[in-house]
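We call the chains A, B, C, D, E, F and G, going by the order they appear; numbering starts again at 1 in every chain.
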Amino acid sequence: MLSLIEILISIFVLLGSFLSLIGSLGIMRLPDIYSRMHAATKSATLGVVLLILGTFTYFLGEGIFSLQLLLTIAFVFLTAPVAAMIISRSAHRNGVELWGRTKHDELQESYPEHLEPERENEKVERP
Amino acid sequence: MFEAIMQVGLIIFSISLALCVWRALKGPTLWDRVVALDSFGLNLIGFIGIIMILQSTNAFAEVVLVLGILAFVSSVALAKFLERGVVIDRDSH
Amino acid sequence: MSFLHWAILIPFLFAIIVPMLYKYIRPVHTGWFILIVPSVLFVFFLPYINPVADGETFMETVPWVPSLGINFSAFIDGWSLLFALLITGIGALVVLYSIYYLDKKYEDLTNFYVHLLMFMGAMLGVVLSDNVIVLYVFWELTSISSTLLISYWYHRDASINGALKSLNITVLGGFAMLAGFALLYVMTGTFSIQEMIGQAGGVIDHPLFLPTIILILLGAFTKSAQFPFHIWLPDAMEAPTPVSAYLHSATMVKAGIYLVARFTPLFGGAPEWFWIIAGGGLLTLLWGSLSAIRQKDLKGLLAYSTVSQLGMVMCLLGLGSAALYFDDANELYTVAILAAVFHLFNHASFKGSLFMTAGIVDHETGTRDIRALGGLMLVMPATATISLIGAASMAGIPPLNGFLSKEHFFMAITDATEYGIFNMETAGMLFPVIGWLASVFTFVYCCIFFFKTFAGPFEPERFAKKVHEAPIGMLISPAVLGLVVVIVGIFPNLLSQSIIEPSMAAILQGLPTDAEAFTVDIEHWHGFDLELFMTIGVVGFGSLLYLAMGKWRKLSIYNKTTDPFSPVYDSGITGLLKGSRLITNVQMTGRLRDYLTFVSAFFLIITIWTMIRYDAFVIDTQNISEISTYEVVLVGLLVISMLALPFIQQRVAAIVVLGFVGFLIALFFVNFRAPDLALTQLLIETVLVILFMLAFYHLPEFRKEKMKASFKWSNALLSFGVGLMVTLIALSAFSYGQGHDFSPVSDYYIENSADLAGGYNMVNVVLVDFRALDTVLEVLVLGVAALAVVALIRLKMKEGDDI
Amino acid sequence: MSIVVGVSFMVGTYLIMARSLLSVVIGLNMLAHGSHLLLLTMAGLKTGAPPLLDRPETAFSDPLPQALILTAIVISFGITAFTIAIAYRTYKVYQTDDLEQLRGSPDE
Amino acid sequence: MAFQILLNIVIAIFWMALQGEYTSVNFVIGYVIGLGVVYFLRGSLNETFYMRRVWAIIKLIVIFIKELVVANLDMIRIVLSPKLNVTPGIIALRTDLKTDWEITILSMCITLTPGTMTMDYSQDGRTLYIHSIHMNSTQEVIDDVRNNFERAIQEVTK
Amino acid sequence: MNNLIILPIVIPAIIGALLVFFAKSQKIQRFISVITMTAILFVSIWLSIDVYQNGIQVIALGDWPMPFGIPLVADMFATVMILLSSVVGIFCLFFAFRTIHPNRERFYFYPFYFFLIAGVNGTFLTGDLFNLFVFFEVTLIASYILIVHGSTAFQLRESFKYLAMNVFASMFFVVGVAYIYATTGTMNIAHIGLRVEELGQEGVLNVVAIVLLFVFAMKGALFPLYFWLPRSYTGPPAVVSALFVGLLTKIGIYAIIRVFTVIFNHEISFTHNIILILAGLTMLVGVLGAVAKYDFKSILAYHSVSQVGYMVMGLGIFTPLALAGAIYFMVHHSIVKAGLFLFSGVAEKITGTTDIKQMGGLLKTHPAFSWLFFVTAMSLAGIPPLAGFFGKFTLIVPGLSEGHYVVVAVSLIVGLLTLFSMMKIFSYSFWGRQKHSASQAKIKTRDLLVAISPFVVTTIAMGLAAEPIFSYFLDMAHELLDPSIYIESVLEE
Amino acid sequence: MKWKTNNLLFIHVTRIVAFLILTFSIYLFFAGHDDPGGGFIGGLMTACSVLLLYLTFDKRKIDEMLPINYVYLIPAGLLIAFGTGFLGILFADPYLTQYFDYFTLPWIGEFELATAVLFDVGIYLGVAASALVIIVTIAGDE
């Protein structure tokens, strides 16, 4: 049978894997790059963080305090939003289309005239 | 039992990785591929985490951390490159 | 070092100081200094005549490369002495002649005399060397110096072509000859000719005998301008006339003759040897005499005449070699050798003088074209007289020396029908018939040479310059030779004992020298025999033919001066150039793709072949470790990512997928317990991805490759093959290794890393301690790469900035 | 594993026979991956723990091939970096990445 | 300045942790290394650091974790539902936060919480452009951000 | 243990690194370079004498017992090659001083030069297969940059191909190393040799041998793997081409000879016959290229391919004399071809072109240059008594006595075509009407000729004084043909 | 065409992260003898941290901040690594012989001194500098 700590680890691992899978499914299913970013940042991040927590717990059980793993968690939290922001911003500035059912695009308006990227689906509503 | 659970975790992560690869190959835009690469890196972290448990070694702790760092660095570099065609500005401000 | 060695080396040593002589002592014609060399050497060779005539031989050996069996052995017997005397004697005359022929004001005497001395030394080396390799060394030097002398006026295209032609053909022969010598070494274990002759019997019976003699004879035939290799000689007439007189009539072209005679004791008696030489010589004799008639250039005529005469001597040597078949010094056979030796000498004398007079004509009139010349007898009486003597001797008019040797020639070829060996009973009839015909032609071209030049009315306006007799200095040398022609003609037995007998003894070495046949007594009159009738016939028919020239001179065959074999050579050269260009361009396409296609194909062929030959494919399934499900998925992912790469159209996408591959490989490293590798792989992959982006920002997207489908498939097939072979060999090698229980080296590292190297990370310990050299070098590679990138990006030069 | 090695050699070989500079560079990279994995495979996979001695394990995987691969990785990194630079400069000078146009004349 | 000293100490501790031995020696070594690092990179620090409000931070963290969990549940719902039930859009949000650090933290929190993701700043850095996948009520999104995070951050940095 | 062995590697490596600091000062760089090259030369001589007197010298780096550490092994063969590289290195250096553009000197020309020497010397000395790979890479990376140094259009275009093909080969080197490790479980060449002997070189070991042959043949530019060589050698400055031809292709040949004498010497009828076939084809195809071309440097480059054939021919024949001849040929070819490439530089300096059709009459305006070139060219063509003759001769004799008639015939025909193509250069460039201007005719070449003349003198001397060389080389060949000497010397260390 | 970009988030995160990575890289370097890491990996990690700075800021600013010519670090690293090898010769051992010993000092405890670490410093410098030089040079080409 599983010991208590093993149960804890198993939960972390399964939950982490599951969330990561959700993240990847989101990346697969969601309609445009911007929505996919949501999946990538929220689910994948938490999934990985949970899993590493599981690993951390495992080694704690072995008597090893692995700072590297904790640092990894911090790192992921710190960097995921940055990556998300830079990727989505660069996509937007280069005219990557928003999904057809997107409602507003206030960012587009903030761009100077000559830099406005051309988008094919101009039907995006502008308030 | 415990090992079996870990194996299940690995398989879930494998599927997850496969989905990222799928997105990377499919695109359609470059940014999709970059996102795929980014979350691929994250998933790898999880994957290695499980392997560490399975192999019962903390030898890969550094690998995990480095992977976290590098997934970030490469995503940022790619995105920045895609945004402006340069990776390192000569004089941006 | 004996005198003989010095005799060979002195010309070379002198050649080194010539440039200084020329540079610092300008008032005196350099030729006067040069003249000392052959004269002194000639004088020094004279004392050898007596002992050699008494049957003595001299062998002096200086080790050169003894490890390879190459010794600088100088050997002198009757045959080499004859040549040594010719080389130095005629050499002296030629140098004297050249002093007047080449004006020190306009000509570059350095080149001329350096090369002439080189030639002289080399030629002495050829005839005095007993070691075939040393002989070969000098042999090639004669080719080279001859080439350089022919190209003396190197700004002329004709000179260049003539020089190259002679070089190509003679060196072709030389290389063949070298192979022949090597085969001889394989058979006999020595490079010494005299030692080889000691084992003559074994050589003839050896299976390699025929290839050996063919190779050696290729050398001799090319050098001695034997049919069909004679084509270089007429073109070599672009050389200054002293050169033609010296190299291309009196000495170098006779090196082939020398060689054949030298090897007669070794090979003589074999039917192959007999037929190749006698037949080749006969053919050359006929062809040369026929061609000579058609020449319009005085020197061209003489060149073909030389070809023909050399053919005659060659033919005689072939016939004479039969003596060794019978091991019998019967006069029936030895007369051929006698005739060969005698004619060789005579030819040197009359042809040398003829070349010199032809040179005088050229020098004084500015032309050598027979059609333009005529009537010079009145303005150049001395030249005409000397020419007449030479031409008459060549035509075989008594009492000149040419007559005597021609008589012996007839005697030898008529005797040949009586040999009773090698099918001579039937084929032997060819010899007297062809020999006689050729002699008729010889008579005709001698007439042409003399009468077209000197007879007839003199029309000074036909010449570009004012024609007068040559200066006395220029006439000395031909006159001396003419005198020799006359004296030897009248007193032939002056040479009998001193020169001819010892030479025959050398050529027919092994036969009893005290035999009757070796006693040479040359007589002008030996009754109304067949030879005399043949001579009379020659004169009669020859005169008729010459007088009828007006009739046949309109024939197209007469007017075509080029040798039919010259175009063969020319098209050979063009074919070579074209063919090599084709072959080269087929492979060196400049396409990386083609190169790699060839390379991969080669890899496949050679590995598959070896695999099959050694039945090397083994797979030991026991050792393939079990695989988990997730590993299958990972392998699948990696394979898919890799396979996708060729199909990706966007470059950034390719870079991203490359990143995937790198990350997955890192994952494999983790899976296979290699943390250091995983770390390195990740770091490097990241840096590479960034580098790719930096560098390829400017590049265009991939284009759709417009390849033919077959092309694409062949590429795919090749790639598949390479991948497959790498895998198959890997599986086999791994299974093979598992089948042998070698203790892996690694155990040592596991046991000793901590205790002896003080580290717990074995990989790192291996890197910084056990194999520290690898590590520092790998950083060196990286550092050089970095510096290289700096140089590559920042240093921008143009072609021609430096050399 | 051998399959992966085979595939990387296959893809690598295919790519270096392509027309574009970038393909060639990527192809070389694939070949490098293949050769490194091969070296790892040839040493026998999974024979023990990571080669770190201060852990409790007693059986270790073979450290020597790992060290060799590490060296090989670094070397191919240096070479690849340089290759990228050359490809980049070549493109800058010729304004094409098409190897077909970089053939040169047959007389050189 | 304070931030730099703090950073230095953090590095020293970090060092000890990496070594796995919390001895004074390791602290000193870590401090020296940290000194080098900070000196080495000092040019990138041109800000000063305010005293922490520990409590505020804890509060912020709690809110953050709660929102993160909600975000993931939201994500599960979206991804696993057979129909794509999203209405994305990009809105501009003017924030009251003053300093760069505050805005940095805000934008990170926005990204990791339900339905929203920071995409860009205006030039002055006071307007955030946010991509949301629940655009049915724009104002709701904005209010959510304002109430939850802006206030919590202001607590911390007040 | 003999620490002397490391010096030919470590000195140039360290000095190369040091010179980076002085990249901006031409004078200091040159000064240090000369001193260093001289020092390396002396070390090489010293080492050669040491090896000659005391037998094979081995150093186990890091003091680890064999076969666990990396050994450096100096046997007669290795020391000859080291000496050769030092000689070529120092001769070329003086030419470099007179011709290399200051910009090149600023961008690490001399460091790269020394790194190349370090790599080459390491290749000759190492006794570890993987270390051999690493040294190959050191050499190659230095060669990559030297070939493209200056970044002219032509250089870029051809060096990319050079690079791609060599990297391709390097990858297969790693593959070969992997196979060797799988089958024998060791990396030490002597140890591999021992184990292959115990195994009897059966089955897959032969395939491994062929894979290694493939790799080295590619580096050594054997047909049909030579495509990288001809054009990449015509792009860089003459002195770089000279250095390459003197050293670079030799490392491939060296490796082939080393591996096929120490390790794979049990299936000669198969492996060495393949080598012979490749040798014949290489000679022929290479020389046809030379016949076809009209560019001074191209002709020389194609000859280099052709002559690689001769070098491996000796290995294929596999008798003492043939091996001695092969190595003699390597030495001769390095010297003579390096000299010829430098001559091509001189010709280019005078005429401003390397196209021989645009040259003419150099003999008239530059007689000393012309005759020095002529002598060197004749040596290349194998005209006696120059060095080239002995190289050829010592291959023909054993070739015939072992019954390899075809390859000997090919080698002779190739010799003839070599002469033909060298005379093509001579007749187009040196004979004929003068095509360069009067001012070009006045260009002084004395300094350059002084720098080249050591090559010319060496090739003459190697011919005239062939005896000491051959008695030494024959000893060396006997040593090579008895691999147990090598194996025992290394493993006892 | 140039975007005026407000990189607020990026810059601020980098300020923290780059320091951590740099420290981590030094840790990796020292850990190498016993744990995964070493001069090579440490060097590359250092290069990555500096690279991150380059990514975040611009070349001019980083050059001002780190006024080091990386090019000279390459030969310096090589000289250290090759030079360490000579220690062996000093002790009449073969080239590249490494030495180590464990020392116990009061207050500090037992620690190890190894020449291999010095060797590794050379590796570290060489690698870090090479990686940076390669990237910065290519990035700096106009």
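We take it that contacts are C-beta pairs under 8 Å (C-beta built on N, C-alpha and C of every residue); 3 or more make two chains touch, one makes a residue touch a chain.
In this text, all values refer to a predicted model and were calculated from it rather than measured experimentally.
Using the contact threshold fixed earlier, the set of chains in contact with both subunit B and subunit F is C, D, G. Looking at the partners of subunit A and subunit E together, the chains they share are G.
By number of C-beta pairs in contact, C-D leads when C-D and E-G are compared.
Centroid distances built from C-alpha atoms place C farthest away from subunit G.
When each chain is reduced to the mean of its CA atoms, the one lying nearest the mean of all protein CA atoms is F. When every chain is reduced to the mean of its CA atoms, the largest separation from subunit B belongs to C. Per-chain Cα centroids separate subunit C from subunit G by 63 Å. Taking each chain's centre as the average of its CA atoms, subunit A and subunit G sit 31 Å apart.
Distance between chain centres (mean CA atoms), subunit A to subunit C: 79 Å. Of all residues in subunit D, those that touch two or more other chains are 12, 16, 21, 24, 34, 36, 38, 41-42, 49-50, 52-54, 64, 68, 70-71, 74-75, 78-79, 81-82, 84-89, 102, 104, 108.
Counting partner chains per residue, subunit A has residues 23, 25, 37, 45, 68, 71, 75, 78-82, 85-86, 88-89, 93 touching two or more of them.
Touching of two or more other chains is recorded for residues 585, 588, 590, 592, 596, 673, 675-676, 678-680, 683-684, 686-687, 690-691, 694-695, 726, 730, 733-734, 737, 744-745, 749, 759-761, 763, 765, 767, 769-775, 778-790, 792-794 of subunit C. Chain pairs that touch, as defined above: A-B, A-E, A-G, B-C, B-D, B-G, C-D, C-F, C-G, D-F, D-G, E-G, F-G.
Residues 1-2, 6, 9-10, 13-14, 16-18, 20-21, 23-25, 27-28, 33, 36-37, 40, 44-45, 47-48, 51-52, 54-55, 58-59, 62, 64, 66, 68-69, 71-72, 75-76, 79-80, 82-83, 86-91, 93-94, 96 of subunit A are the ones touching subunit B in the complex. Against subunit E, the residues of subunit A that register as touching in their complex are 19, 22-23, 25-26, 29-32, 34-35, 37-39, 41-43, 45-46, 65, 67-68, 71, 77-78, 80-82, 84-85, 88-89, 92, 98-99, 101-108, 110. Note for the complex: subunit G touches subunit B at residues 2-3, 5, 10, 17, 21, 24, 28, 31, 35-37, 45, 48, 51-52, 54-55, 57-61, 135-136, 139-140.
Interface of subunit B with subunit G (complex): residues 59-60, 62-63, 65-66, 69-70, 72-73, 76-77, 80, 83-84, 86-93. The part of subunit G that touches subunit F in the complex is made up of residues 71-72, 74-76, 78-79, 82-83, 85, 88-89, 93-98.
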